[in-house]
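Both complexes below contain chain A, partnered by chain B and then by chain C.
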Partner chain A sequence: MKKLTALLFLVPSLSFAQVELTTKMFEVIEVQKDNGKSRIEWVNADNIIPGDKVGYRISFKNNGTEPADNIVLNNPVPENTLYVADSARGANTKIEYSVNAGNDFGQPNELFIEKDGKKMPANAKDYTHVRWTLTKALASGESGSVQYVVQVK
Partner chain B sequence: MDKIGGMRRTSFWACITVCMTLLSHLSHGLGTPAGTLIKNRASLDYTVAGNTLSTQSQEASIKVQELINVLVQSQDAGNSVLVPVGASQAALLFQITNNGNSDEAFALTQSDLTGDDFDIGVNFDQIYIDTDTSDGGRFNSLVDTLYDNASAPVLAPDESINVWAVSLNFPNGLAANEQADVQLDALAKTFEGSGSLPTYGDVITDGNASGVDAIYGSSPSNSKASAAFIIDNPLISVSIEQEILSILDTDGGDIARTGSEVTYQLTVTIEGAGGDATNIVITDPLPAELRLKNGASGMITLVGSGDYTAAVDGDLAEYNEVNNTIKVALPDLTVVTPAVQQFIRFTTIIQ
Partner chain C sequence: MKLNNKLMALAATATLGFSSHTMALGTVAGTDITNAVTLDFKVSGATQVQLTDDTTFRVDNKIDMTLANNTPAANTTAPGATETYTFRLVNEGNKEQRFKLALENTSASTSTNITIPTVTYAITTQHNGTSTLATDEITVPVDGDVSFTAQFTFPTQTTAPANIADGDTFNILATATAIESDGTAITADVATDKNDAANIDGAELNVFAEDATTDSPIYNGVITVLASTDIATASLEDGSGAGGPGITVKVLNDPICNDDNTGYVVGTVYTCSATNAPATYTPKAIPGALVEYTITTVNVSTTTDADHLVYAHTLPATESTLANVAVTVDGTAQTGTYVYDTVTYNVNNSSATALQVNIETLPATETAVITFTAIVQ
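Take a look at the complex of A and B:
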């Protein structure tokens, strides 16, 4: 009887663990076409060396039966890389950045660093974290993705 | 497969552009060391039916590969050194910098370039590492270290060495300002055995650094540098002798007295081992008791070139009546060993 009670409590909690998160990475290159125009391509990330750009695409999917709300996706900028300015994307999200290890987040013009005892506006290379806040709930079965680019130091 | 070859679906021009894009990326100095794992894991917070939940993505990681990148630069002022005619030895100084992200040694070679005045050819000597810091920037084969390709020094990322590219036995027949252009090439040892010269983007599986591939990132212009040996202007000396050619007094005799005409000759001797003597100006202030015959209307002769009016009119010779001075600008001369001479003649009146 005790075993059955435990199982009954487990069923609803299993239904809560429903949003799946997956990170994929790519090498980001610029390719010029025959017409003289260029385009950015995300290709398999092999043979990454200093100076290369790496793109991260983070996908999420609600595998549960209930809608997921108040979704906040947080990604630290990997060590040995620098965030590439204006590279973060995400439909129906509010994108914010941190320059203090994720303690505070804000828009680029709200971020400052201290250098040589002086408060200075932060730039993209100072970002330590990128955060996406979804502006609407994720319905059951619904999915989405965000992305950003870093450059290997 | 090479890194560029991985883009086979793109057009030729697309590949060219990829190369150029990579080129700008690879022009860095010290970078993330080869073999470093770049790890990334995202997290997600959300609520379901009022319950706060969290989840994480899997860890995405990628290993930084080995970047082979070298920069060769001439260290001589003006990318050249002056060499005396007949010098038995001279050396050009180059700097080799490892701009890759892993330890690397480089095979060095020196060679002649075309389009210059003479070649070093068989007179190329060894390459030496400039290890002597007390020699005032000069090559010294007794204290600098012979470069040995078999045991080439391993440079850490961002580390540099200076090397001397030495040549011997400059021939005597060379004229001043003739030059020999010499190129120094640095080939990463990791790619030395690949059979052909590596090109940008080439990959060697499991290169020098353990567990990662080596990717050739040196641009053609960075892996070599050129500098020139220029034959120095030989030492040229100029000497002047003055002699009286004739004296003509007012009675038709040859007595030096007031009113007598005294004709002088200046012999200008230019000695050297060859080369051009240019911009030589002879100035002869006359003593107060002498004045040039006919003053500014007089004549000054440069033997072999002609007679020139003494007026200040832009020709080769002139007489300044105020300073009582003869001035002659010699034409450009090619000095033939052992010397060339020029003769200046003019006539004065004893006051």
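Take a look at the complex of A and C:
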């Protein structure tokens, strides 16, 4: 898993924030329980084929000494996948979506697409981006995560 | 094993609404899918350099197909007939796939004796591809389907009773097995962790996920479909349940009873004259006796007529003067000629020493009776 770390210095202040960003993927499966019910599990993926659901868990941590604020995570829905409705999660975040390649974001009921010349409400499969905006600063040493699920076309 | 969980989920698609299997085609195997996320933030009001992170996995090869029997329903056949079975193979996987086709006789009745001769496969239609069918292997492109026919001729009945019985159901099991492009067997990759850094961008894996059906209940890259054909054939018995025609003989007259054979009536024993024998005398099979043969054939099939029955019988040296040939089918006298396969046949083409009777048709459930007389030497 690729991990990128940014070490950022602020000038002229000597304070700094070292934020670490990592992404981990899982396969999302529905498992039958003995009582006849089922539950969704995120598991390591042996393989991924069309129709499978893939979950992305994106973690971030402030390793610096200063708080990081105005944190915004922007995630284009990968090509050859579809966003799975209501799958985006993130504590203390405002979750918004885009249906126009990230030019505009909004809540699901604010999103529209044009089809056959008609403006129609967008659905989850139309989403091109997911955006999480943290509603509070990430203090030094603090971490968090967001997640969402796509289905392979 | 997680794969099993996945396959269970595939099987449960219809009831759980887990839509994985409803996507028949999908992203082509080998495609890399990358998730790239960015993180923007500020520190003390100052915008920082954007962070990025991405992760990629490779779409694996879903080996998935359907095989349908498109042979007309309620197909019936008869011995000697040539039947064409039509099947439609659809590659519902996400990669061009080669398949090996096979047919097997799985009949549970006497039709198990039917040996499938060399089958001719022929493509009748194909969609979105240029596959050709050489012998029993075929390559079907992504999103491709191929309809093909398998044709063979049912054997004729060589003995009575034959090894093909009226009312039997002939079952032919068509099988399509996914194989590698070089014809070798495919091994499913079931335990390679896609999340492992060493495998995540590695070569695509093979996953068996063909439609599970009653005929193909497991996921193993093999799919089957059953085609059934009802066999309708005339079945001949002697009227007492024994196979084939039956022949009986009856002495109607002898020189002691009555030395005059005129006035012959089918099946009727002569009244002996008082001058030669008492009225209680029963004719015996002595030299000069008039004997009557009766050949009885019942077509016990309830559905299928028997066509062009040919009877032949040569008198033994101990008999002569074959005469009084009479033919009935279901009580109706058969005479004259008829045409069968452009050839004209005499119903009665017998001579004084040999019987040859030709019956055009013995309908289902009906009885043919042939009588003739001879003189004991």
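The rule is simple: the second predicted complex is superposed on the first by the 136 of 153 C-alpha atoms of A that agree within 3 Å, B and C clash if a C-alpha of one lies under 4 Å from a C-alpha of the other, contacts with A are read in each partner's own complex, and residues count from 1 in each chain.
To be clear about the criterion, a residue touches a chain if its C-beta (ideal position, glycine included) is under 8 Å from a C-beta of that chain, and two chains touch if they have at least 3 such contacts.
The shown structure was predicted, so the numbers you read here are calculated from the model rather than taken from an experiment.
Chemist: Could you look at A:F112 and tell me whether it touches chain B, chain C, both or neither (first, second, both, neither)?
Modeler: A:F112 contacts neither chain B nor chain C.
Chemist: Name the contact category of A:Y56: first (chain B only), second (chain C only), both, or neither.
Modeler: both
Chemist: According to the stated criteria, A:F26 is in contact with first (chain B), second (chain C), both, or neither; which is it?
Modeler: second
Chemist: With the two structures laid over each other on chain A, which partner does A:V43 touch: chain B (first), chain C (second), both, or neither?
Modeler: So A:V43 meets both chain B and chain C here.
Chemist: Tell me which partner A:N70 touches in the superposition: chain B (first), chain C (second), both or neither.
Modeler: both
Chemist: Would you please give the residues of chain A that touch chain B in one complex and also touch chain C in the other complex?
Modeler: Correct list for chain A: 15-17, 19, 21-25, 29-32, 38, 43-54, 56, 58, 60, 64, 66-76, 78-81, 138, 151-153.
Chemist: Which of the residues in chain A come into contact with chain B in the complex?
Modeler: Listed in rising order, the residues of chain A that touch chain B are 15-25, 29-34, 38, 43-54, 56, 58, 60, 64, 66-76, 78-81, 138, 151-153.
Chemist: Touching residues of chain C toward chain A in the complex: what are they?
Modeler: Answer in residue numbers: 1-3, 5-6, 8-10, 12, 16, 18-23, 25-27, 29, 31, 33-44, 46, 48-49, 51-55, 57-62, 94, 189-195, 197, 200, 205, 207, 209.
Chemist: Where on chain A does chain C make contact in their complex?
Modeler: That would be residues 1-4, 6, 8, 10, 13, 15-17, 19, 21-27, 29-32, 38, 41, 43-54, 56, 58, 60, 64, 66-76, 78-81, 138, 150-153 of chain A.
Chemist: Note which residues of chain B are touching chain A in the complex, please.
Modeler: 3, 6-7, 10-11, 13-14, 16-18, 21-22, 24-28, 31-32, 36, 38-49, 51-53, 55-60, 62-67, 101, 203, 213, 215, 217
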